[in-house]
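Next, two complexes with chain A in common: one pairs it with chain B, the other with chain C.
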Partner chain A sequence: MAITSLKFFAFLAVIYLLYCLVPRQKRWFVLLGASLFFYVVCGSLRLFVVTLLQILVAYGAAIRTDKQQREGVSTKINTAGILTCLAVLFQIGALLYYKEMNFFVTNGNILLHLLGKESTLFLWQIVAPLGISYYTLSYIAYILDVYWGVVSPQRNFLKFCLFGIYFPIMISGPITRYQEIEQDLYAGNRADYQGFCFGLQRILWGLFKKLVIADRMAPIVQEIWSGDFYGWCVLIGVLGYAWQLYMDFSGCMDIVLGASELFGIRLPENFNTPLYATSLSEYWRRWHITLGAWVKDYVMYPILKTKGLQTRAKKWKKKFGKKMGKKMTTWIGLFFTWLVVGLWHGGAWTFVFGSGLFFFLMIIGGQILEPIGKWCIEKMHIPTQSFGWKLWQRIRTFVLFSASISFSWSASMKDGFRMWARCFKPTNLSSLLPLASRADWFLLVIGAVIVWLISYGKQKEDVRMYVAKKALPVRWILYLVLLFAVLICGVYGPGYDASSFIYGQF
Partner chain B sequence: MSREEVFERLHEIFWDVFDDEDIRLTDATTSDDIEDWDSLEHINLVVEIENQFGMKFTMGEVHEMKNVGEMVDIIIERATK
Partner chain C sequence: MKTKQRHITKIIAFLLVVALLFGGAVQVLRISDDTHSRAEFDTFYRLDKNSLDAVWIGASAVQSSFIPSEACAHNGVQMYGLGTASQPVALTKYLLQEVQKTQDPKVYLIDIRMLAYDYDVMGNEIFCDNYIRRVTDSMRFSHNRTQAIKDMVERLEKKTGSRVNAFDYYFSFTLYHNRWSQLTAADFGQDADSFMGYYIYDDTESFDKQETLARRSAKPLEVSSDNQQYLEELLDYLDTFDGNILFTNTPNNLEEDKFANYNYIKKKIEDRGYEVLDLNDHVDEIGLDYETDFNENMHVNYRGAFKITDYMADYLKEKYELPEHEKETDSIYEKTQERLLSRTEEMEKRNE
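Coming up: the complex of A and B.
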């Protein structure tokens, strides 16, 4: 049941009706039932056992840890710490087994080959439980947050199950922390009239991004990457993929957040107009925000705070000066961030390399070249607050981001480099035109302009509030235009696979 | 340790970490008020405060501190333990 399908919206409507009919304190039962149904339909009942086991471990470990800490048993052994560690390791183990096993097998085979061994390890036929990449990170955050005293554990097992499999977040996240949705999830509030309208608008906006833009862009990008295109055409293919990915993923998030808003449950935002980022580090804070924040809080901070690294940092500061010493420590943190982000995205070196390239460019551009950049700006008297300079920074950032993720989409590292090699051959841009009809090119340009306008508006104020303040006819004209744009211009029909959200595969 | 004393020592730490002696802290100061106070500098700041005050923030506190006022509250709480 793809979240862009009619089936999903019929399901959503039935659940919403039931949700409204049931007494307030029982409404979370409806969501739990709906989430179970969604899990079984989109995933499988057999694999639910795995998810249930992960839920049980997170639930049990959190309660036990909390008890240990409240009782304050003063033993030399930190039982709560050990328990937390084991529970986190179990979650990581489950994620590695279901998502990375074949990555290890493939690399094992390469290693065996290099060592001159003839034996070959066979690839495993593994089907991962629905949403494991997303919910596992939420469970780890929950276990650690209880241990760190940030949140009290949920004692009602069924309520915790709802947090564990809440249906809107099972396809592509966002990676949600328990304390962020705890109150909304069980309160049984439903959206008021404005919230209901906002939720529907957001779903419609998400459908527009996914069906009108991303899915129209997909075959063009696919053709450029696999066909005989050179020079500027390759660069457009690279930028096109980044744009398609943005529309696909943020469109999916709009549908998910909008659907959840109908039940009065506000999920954390995953995007904050990344096109407005003027540097890669800012882009990192605006793109897939919940993953970035998760890695920062649960990987980078704990690593940077370790005694070993702090001792090393002191030595580096003495040896290389305060500033450089501090930077070098930060690079260690970024290295682990890169590794986790790369591995999380998929069991392939292309993802690890793509993620590494992003952080490498971030370090090179943001930290090493920064003094040179500042010097150039001063000497050339560049007005850094001017529109032109900001625009240049935004374009540069998007191009660098696109370049780094281009490897993630390549079938292999070789393919990625081969594609970039094609970039340096001369070509004629007009060879791109036959890839789509005039109407498609027109819609893509119009779509990009609309997205840019909305992004621009979001920098100033909440666009939905802005629309809500308009007169009734104006509002309805806008809604109807968007609805008909999706119905008429959306890419679907026979052979269309609406379930293929790019981030659904991770 | 009085609140004023904590602020005085915090000022020196902030000046040192951010290389800016113009920083003036209040309870309401947040990362938005100091240009270089991003997530990476936050951890450097936390570690420096821990070293100078001889105390430890829990990871939960590192995540949850919303402004300098909350930071000072935690430091005073630890100092009186």
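Coming up: the complex of A and C.
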């Protein structure tokens, strides 16, 4: 059941109705039932056993850990710590098995081949449980947060189940922390009139980005990737894919967050106008925010706080100076962070490099070259606060981001580099025109302008609040234009695959 | 409470506006094919209730052979041709029911031409999404349309062995919504190339009349099992149908096998007690000229259509004692006839 399909909206309407009719204290039951139903329809009942096992481990480990810490049992062995480690390893193991097994098998065979041995490892036919990449990180965060005393464990098993499989987040996230949604999830609130309208508006905006822009861009990008296009056409394809990805993923998030808002449940934002980022570090603070925050809190900081690295940091500071010493320590943390991000996206070098290590290289490169950059700006008297300079930074950042994720789109690293090599051949930009009708190109341009305007508006104030203050006819015209843009210009119907959200594959 | 009422009122009002606009969008963004199926049905629905003396159901053979405005101008008979190019026979029953909703004709004519076809000239199956949709996407929302779609979807699934998404049939807007960039005057009810369902065929191909007519005596040849089934089902349905039925076979120059098929079909129909008017047996009375009146081997051109129309109008008027309607200057028949004559005059001048 794709979240852009009529079936999903009919399901959402029924669940919302039930949610409103049921007494407030029992409303979370409705959500639990809906989530189980959603899981079975979109996933598999058989694989739910795996999810249930992960839920049991996280639930049990957290309660046990909390009990031991409260009882203050003092022993030489930190049993709470061991239990937490085991529980986290179990979750990581499940994720690695379902997502990375074939990556290890393939590279294992390559290694065996390099060592002159026969490649005897077989690829596995593995189907992953629905949403495993998202809920596993949520469980790991939960287990660690309970251990660190950040949050108290949930003692009601069914309530805890709901946290993990809450249906709006099963397809593409966001990656939620227990403490972020605990209050709203079980409170049984529902949106007031304005909240209800805002939720619907957000869903509509998400549908516009997904159906009108992203899905219209997709066949064009696909054609450029697989066809005989060279020079600037390839670059346009690269930028086009990044744009498509942004529209697809952020559109999905808008639908998910909007749907959740109807139930009075505020989920964490996953995007904060990444087009306005002036550096790659900033881009990743505005793009897939929940993943970035997760790896920062549960990978990078724990690594930086390890005794080994702290000792090394002291030595480096002594040897290379305080500033450089600190940077070098951070680079170690960043390396593992980006490695995890890359691996999370998928079991292939294209993801490990394209969604991960590329950013590590760019960020490090930027930091190393920073003094040279500053010298150039000073010598050329570039006004760094000017609109032009900011625009240049934003364009540069988007181009670099697009360049990295182009590898994620390629079938292999070789294909990725081969595609980039095509950039250096002569161009014929007009060869792009037949890839879509005039009407489609027009819509893509208008869509981009609208998205940019909304993003610009968001920098100043909440767009929905801004529109809500306008006169009724103005508001209605805007809503109707958006609604009919989706109904008439949206890419859906016979021949289209409603289920294909790009981040759904993760 | 007042605030709640205000909110509910706003929601209902907004939904009403959406429904209105959406209804308009659905009306505009509909099927558009080169044989003007939509205009054929739209015009039919606009006719005055119980104003038709006869209705002729068939595929492009009827669409190309019969001119409603000419019949009315000729002898005052008001008749309509309802059908689309390559129309699957399985839909005939639903078209008969569609007619009965607003009309009460003295006679229903059913053309048999499609019963000899399983594939079109390009080798595509006749019973396919494309040709079914020409009818179902042109019909108005109704229980009859729903039933027709249900039936066709079941048959398609049985035939293809794969699941068919019926939703897209019921709500064809999902297929046509992206036609917004291809809208023409025809989408707003101004189809200049449709003349009350008649669609002008203006090519000319010459045939040897005697050679063609000699094929009429071909030994009956069984049609495919699918077509046999469609015919049996249709005849079973007609046994309980309230109305006069006349089967027809329109003039053509098809190969001998097809004539043999039609002879088989005619016998089956006659054995069940129904009458068949084979116009190939009446070409002299019609006055068809095999040098100038055929578009190609399957259809007559506009010259042939005028002649067939006049013949049919006279034949039916006599046989079924059809009334002669008063000619009104502002009627749809008069206006259409004026448009048609002006167009055919232009064609004649171009061809000279």
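Methods note: the second predicted complex is superposed on the first by the 496 of 506 C-alpha atoms of A that agree within 3 Å, B and C clash if a C-alpha of one lies under 4 Å from a C-alpha of the other, contacts with A are read in each partner's own complex, and residues count from 1 in each chain.
Quick note on the criterion: a residue touches a chain if its C-beta (ideal position, glycine included) is under 8 Å from a C-beta of that chain, and two chains touch if they have at least 3 such contacts.
Just so it is clear, the model here is predicted, and its values are computed rather than measured.
**Q** Touch test for A:Leu36: chain B only (first), chain C only (second), both, or neither?
**A** Once the two structures are laid over each other on A, A:Leu36 reaches no partner at all.
**Q** Which partner does A:Leu18 reach: the first (chain B), the second (chain C), both, or neither?
**A** neither
**Q** With both complexes superposed on chain A, which partner does A:Ile236 reach: first (chain B), second (chain C), both or neither?
**A** A:Ile236: touches no partner chain.
**Q** With both complexes superposed on chain A, which partner does A:Ser437 reach: first (chain B), second (chain C), both or neither?
**A** After superposing on A, A:Ser437 lies in contact with chain C but is clear of chain B.
**Q** After superposition on the shared chain, which partner residues are touched by A:Trp476: those of chain B (first), chain C (second), both, or neither?
**A** second
**Q** Look at A:Ile488 in the shared chain and tell me whether it touches chain B only, chain C only, both, or neither; answer first, second, both or neither.
**A** second
**Q** Would you check which partner chain A:Leu47 touches, where first means chain B only, second means chain C only, and both and neither mean what they say?
**A** Once the two structures are laid over each other on A, A:Leu47 reaches no partner at all.
**Q** Please work out whether A:Tyr193 is in contact with chain B alone, chain C alone, both, or neither, and reply first, second, both or neither.
**A** second
**Q** Share the list of chain A residues that count as touching for chain B in one structure and for chain C in the other.
**A** none
**Q** Applying the document's contact rule, which stretches of chain A touch chain C when the two form their complex?
**A** It is residues 6, 193, 437-439, 476, 479-480, 483-484, 487-494 of chain A that touch chain C.
**Q** Across the complex, what residues on chain B touch chain A?
**A** Interface residues on chain B, with respect to chain A: 19, 38-40, 43-44, 46-47, 58-60, 62-64.
**Q** Show which residues of chain A lie in contact with chain B when the two form their complex.
**A** Residues 144-145, 148-150, 281, 285, 296-297, 300-302, 304-305, 310, 313, 323, 326, 329-330, 333 of chain A touch chain B in their complex.
**Q** If we count contacts the way the header does, which residues on chain C are in touch with chain A in the complex?
**A** 3, 7, 14, 17-18, 21-22, 25, 29, 165, 167-168, 174-175, 177-178, 180-181
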